[in-house]
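In the two complexes below, subunit A is the common chain; its partner is subunit B in one and subunit C in the other.
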Partner chain A sequence: MNVIKMFPVVIILLLLLTAFGLPIVKKKKIVFQISLATIFIAFVMSGVTLNYVTQVGDYLLRIGPYDIPWGITFRIGYIEALMAMLFTGVSLMVGWYGVYSIHKDIEEKHIKYYYLLLHILLASLLGIVFTNDLFNGYVFVEATTLSSCGLIIIKNNKSTSKATFKYLIMSVLGSGLLLMGIAFLYAVTGHLNIGEVHRELVKVAAEKHNIVVISLSLLLVGLGVKGAMFPLHTWLPDAHSSAPSTSSALLSSLVLKAPVVFLIKIMYQVYGLDIIHTTPIFTILLILGLAGMILGSIFAINQKEIKRVIAYSTVAQMGYIFFGMGLGTEMGLMVSLFHVFAHALTKAMLFLCVGSMMEQSGYKYKDEFRGIGKEMPVTLGAFTLGALSMVGIPIFPGFISKWYYSIATINAGQYIFLGFILVSSLLNAVYYFPIVINGYFGKDNVKGKIYRAKYKPVKEVLPLAVLAIAMVMISGYSSTLLEYFKFGLNLK
Partner chain B sequence: MQNLVINYYDTAAMILFGVGFMTLLLNNNLIKKIIGMNIMDTSIFLFFIVKGYIQGNRAPIYESMADGGAHFINPLPSALMLTGIVVAVSTTAFALALTIRIHDVYGTIELDEVIEKRRTGYERH
Partner chain C sequence: MSGVGLLLPVVVPMLAAVAVPFLLNKGKKIIRWFIIGVVFFNLLINWITIHSLNTRMFHIWKLNTFIDIFLKVDELGIMFSFLVSILWIFTTFYAIGYMDHEEHQERFFAFFIMTLGITNGIAYSGNLFTLYIFYEFLTLATYPLVIHAETEEALHSGRKYLIYSLGGATFILLGMILLYTLTFDLSFVEGGLASLKHIDKKQLMLMIYITIFLGFGVKAALVPFHSWLAAAMVAPTPVSALLHAVAVVKSGVFALLRLCYYVFGAEVVERIEGNLYISFLILTTILLGSLLALHQDNLKKRLAYSTISQLGYILLGIVIINQNALIGGILHLINHAVIKITLFFCVGAIYIATKKKYIHEIRGIGREMPVIMWCFAIASFSLIGIPPSNGFVSKWYLALGGLGANKAIFAVLLMLSAFLTAGYLLPIVVTAFFQSPDQEEEETLVVSRYMTAPIVILTGVIVFLGLFPNTIIRYIEGIVSKLI
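Up next is the complex of A and B:
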């Protein structure tokens, strides 16, 4: 058997095996080295997988000795390989940044457990992306939930315990609904393998229309809770703002995205466009996405803590992703996948910048960051790049996705939504630009102030620089990415 | 209406699901929330396992293959729900541990009292 073909399984096994090796390592430095080396290997292997996919096209990978109706399979295609590269790449940068900053947030003896959780989280996220089996996907979703709860609660203070409980309760609701949806699908089709379910579902869809609607809405709400779809986002601001900043970066950029990818898989590979058009699911997605875009931004404007501003901004950006899915066209879906990339890289960078500004200055409210640009010009510079991308200034990926969102809306003939995109962009500017402008030019705080921020060595800002470069790179290669997504979706 | 009586397992599972869901969502006590979560999970297990059950057939145990396995129930849902139980148990354990942590910090497991104490700045003491 071809070795490269097995790489996706090897990545997940490697991450899980090293995860449970980490707690027995005594020295902190070796924990960092093992963890980063493993994630780097995973990144390289994802790249090789992508290269392999470009040569042979997408393929099914059998796990274990059983054939398709019984055994679990992975499906590896363009989207899966690209997402794997994104997830491993962002975790590598966040893990690298954590080497210099994690001890400020959590206790020294917990650091190795932090990296253990990071490995499990990454492995289960990749599992959600790769899997071709609904129940297997559910198990990976649960593993993601528990490990991300661990990544929040590991910072031992009072607000995290309540935030984690809220997150856990909402997630458990979500996964209950998800499992119920899978049970309904199993009831009418008798299969769990995505391809087989689709084959059977096409035959019975007209007859069992109610079950199609029920299962699809259960899956939508279940995964919507995990992906912070607008009215179900209530856990997100608490969880993301109280977590250690490296965890916030991971939660916001990756943990929300994997359920969305799973939802896209379910919608297009299990049901297929023909069946979905008989249900009102696209309209619901569209409305909730638009509501998230606008209201998420309005909530963000009213926040005082800088991390909560960025957390609510995540709700708004997830609104864009659901909006694109709700357009129901190939273009909308492609742009949503591109926005997953754009938002993951940008938001990881924003959270790391803010975390670094907070730990160096000791502030947490956004008004207190006046004049921070004098102390930490590079970090605020990186924050500015992220903010520009979020608002949608050309050459940044945020602009590219908004541009293509507009084109997709025009192609779908729904001109009124252009207004929503425009308003949402302006609202983004309303809460991002004051932070940047006050940071560089706010003088009233600087006079007579003792600079608390210490000198930060160049190597500690390198992960931010790499994320910034990656961000600009993906907008440079946006047409290639969109083309790959198109191949990966393979809609008729 | 008649379908609800004939498929009484499904009906029971749905009622349990509703009970668990509302307890999880609306109850104020964290322990009761966790109990609601367990009821909800159990109802899903019941719903799933019923899908593999065939009236009058045996458990699929290998030593009794005399009839070539024609009278076995479908073992797959039962096997899947074993995994589901494992997931539910680990989530419950984690939630209980969190409840202990919340009790240590706030001295209560009633959610409204926790919120009240956070609002009045209890945590600064």
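Up next is the complex of A and C:
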């Protein structure tokens, strides 16, 4: 049996095994080394898998001794391999950054548990992406929710407790709806394996139209809560802003994305374009996506705490992704997947920058960060790059997304939404640019600040730099990525 | 890789800009000489680029047919980049004199030289997409220059600048995307890319034309998007002179030239009647600019509104769609740049020497700063259009063009504007020379040579171009004959 084919399973097992091994380790340094080494290996293995897929095509991987339709299978294709690389890569950077900063947010003795949770989170995120079985996906989604709650509450204070509680309640409700949706599908098709469900569903879709709509709606709302789709996003600002910076980075960039990728897979591989077009689901996605795009940014403008600004920005960016899905075309999906990539890298970097600035200065409110550019020029510089990408300045991935979304919108014949896309990018400027401008410029802002006073040592800033470089490289590779997504979707 | 030399005019200034922070510890003098070296080098590179035959086109990055960034050399681009490169040299010397006592010189010169690279990029853009990218970068690179003083007022003006510019860029993007879905290509082609076969979608074409025109029009200070220009006068004078009389606003005009003649093409513009709608805005711009200029007591603001009005002339020359008018328009692009930069330089010199910003303050200053004020006077006469100055030549062509298009109203308008121009420029000259100062100071004020020399040389150029305009006119005729 080809060893490379097993890699996805190996990654997940490796992450889980090391996770449970971490609590026994005594020294903090060893914890970091084991964790980072593991995630790095996972990243490399994902890269090898991607290479394998480009040569051989996508394949099914049987987990355990039982065949379809009783056993669980993984389906590894372009999208899965790329997402695996993204998740492991970003986790690696965040974990690396955490080595230097996590002790500022949580107690020393909890650090190994933090990395334990990180491993479990990463493993379950990968599981969601790889799995070809609906219930298996549900299990992984639950694992994701629980581990991310852990990653928030591990910073023990009142605001995290409140935020986690809110997140937990809403998320569990979402999971419940997800389970119900899956149950409906099982009821009409008798299967849980995605391929099998699709086969049966196509046969019964016409007569069981109501079930189709109900189950799809339940899935949409359930996964929508997890993906912070408007108006189910209300848990996000509290959770992302009170959590430790590394957790915020992971939450915004990865935890929101895996459920959405799962939703995309379900929509296209379980139901299929034709069936969904008989329902109003695409229209709903479009409208809610647009609402998220615009309102997310508008809410961000009014925020006082800097982390909440960025959290609401995430809501807006997820709006783009749902919008792309709602277009109902192949191109819309391709761009949304690309945007998953672009946003993951950019947002992780932004949160790490902000975390860095908050640690060094002790400030929390965006107005307090005036003049920080003089004290921490490189960190704010990376933040500026991220901000430029969010606004959609050319050569950054945000622009590529904006451009392709526009073309996809026109191709789908929905000219009127062009304006929303363009206005939304401009709105981003309203809340991002002042942070940058007040950071670097302004006589009153810069008075009394000493150049590089709060500068972090180079090794601590490296993860940020790597993410920034990766972000710019994504633009360069955007056409390759889009092509890969097209192959991966493989829509007939 | 053939054509990679084309990258040099764009990249070298940008690399130089990045190098400046590293020269910080070598001292201000080294930075100055470095910048001087770079601007001369830039002129040299431009010269070499246009003369070496195999660097005609270079694809920086071709993603697919949508996203294709490429540079191309053609006559119009050469003309613009040369104009800009030469004026940049003058401004460098002037800036060295002016910024002598200012803070943050390294930051100033870094972004200053970066803007040169970006403007070269605009000049040599081979398609609308590339132009758009460099256009966005232009806004970002000039922002730190505008807010240089970092006062409350400067930040406020900077914010206005950003809002207008980014808003305009969004319009351009919108129009560009729509255009792409029609033509599947955004390259600049002499005579127009959009051929008559698209004419059946007249409404859409008209909408695209107006959208992109307004988008670029923001930078060209077209009414009603003009107020950022007056606000931007808060910047140091070298910035106002070069960027807001030459590089930034002329980039806007240049982009509009590309839009009308290289993307849409003269015939198409006439057919969709795009020029008709836009000409209303342009006429308003010309008149409003002049009228508002009359009101201003602040010297720089008066010149800013004058720029708005003069840009209107150039735009008029572009949209009349007539050979003489276009020649006049392009000629005025060059002439106005030279004149306006001289005027700004003079005003800046007055500020440095006396700290005076307002007209009522500079009574009798002609006696204390004769050289500067004489140059100001000569430049003013040129802008009004009194022969034998270069301003006269361009206005002559514009008038000819207007008459040629059977629209006598344009010629009348030009006359009216000439009166208004005299109305807002001559009082300055009169106040400086013929009114007695508040305090009796007869000594001549000393102004740094770095500032005086460019002023005098440029004034000489103004007179020279007025007496011997033919070389340039021939060159422009060569360009225009392929467009209309």
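Following the convention adopted for this analysis, the second predicted complex is superposed on the first by the 482 of 492 C-alpha atoms of A that agree within 3 Å, B and C clash if a C-alpha of one lies under 4 Å from a C-alpha of the other, contacts with A are read in each partner's own complex, and residues count from 1 in each chain.
To be clear about the criterion, a contact is a pair of C-beta atoms (placed from the backbone, for glycine too) under 8 Å apart; a residue touches a chain by one contact, two chains touch by 3 or more.
Bear in mind that the values here come from a model prediction, so they are computed numbers and not experimental data.
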Clash or fit (per the criteria above) of subunit B with subunit C on subunit A: fit
Superposed arrangement, angle subtended at the Cα centre of subunit A by subunit B and subunit C, nearest 10 degrees: 150
Subunit B versus subunit C as contact partner of A:Lys27, first or second or both or neither: neither
Contacts of A:Val172 with subunit B and subunit C, given as first, second, both or neither: first
Contacts of A:Lys109 with subunit B and subunit C, given as first, second, both or neither: neither
Partner chain(s) touched by A:Gly442 [first = subunit B, second = subunit C, both, neither]: second
Distance of closest approach, subunit C and subunit B, by C-alpha atoms in Å: 34
Doubly contacted residues of subunit A, that is, touched by subunit B and again by subunit C: none
Of subunit A, residues touching subunit B in the complex: 70, 135, 139, 142, 145-146, 149, 153, 158-159, 161-162, 164-165, 168-169, 172-173, 176, 179-180, 183, 186-187, 192
Residue ranges of subunit C touching subunit A (in the complex, touch as defined): 61, 63-64, 66-67, 132-133, 136-137, 140, 144, 147, 149-152, 155, 158-159, 162, 166-167, 170, 173-174, 177-178, 180-181
Parts of subunit B lying in touch with subunit A, wherever the complex brings them together: 17, 20-21, 24-25, 30, 33, 37, 40-41, 44, 47-48, 51, 76-77, 80, 83-84, 87, 90-91, 94-95, 98-99, 101-102, 105-106, 114, 118, 123
Touching residues on subunit A, where the partner in the complex is subunit C: 388, 391, 393-395, 400, 402-404, 406-407, 410-411, 418-419, 422-423, 425-426, 429, 433, 437, 441-446, 476, 478-479
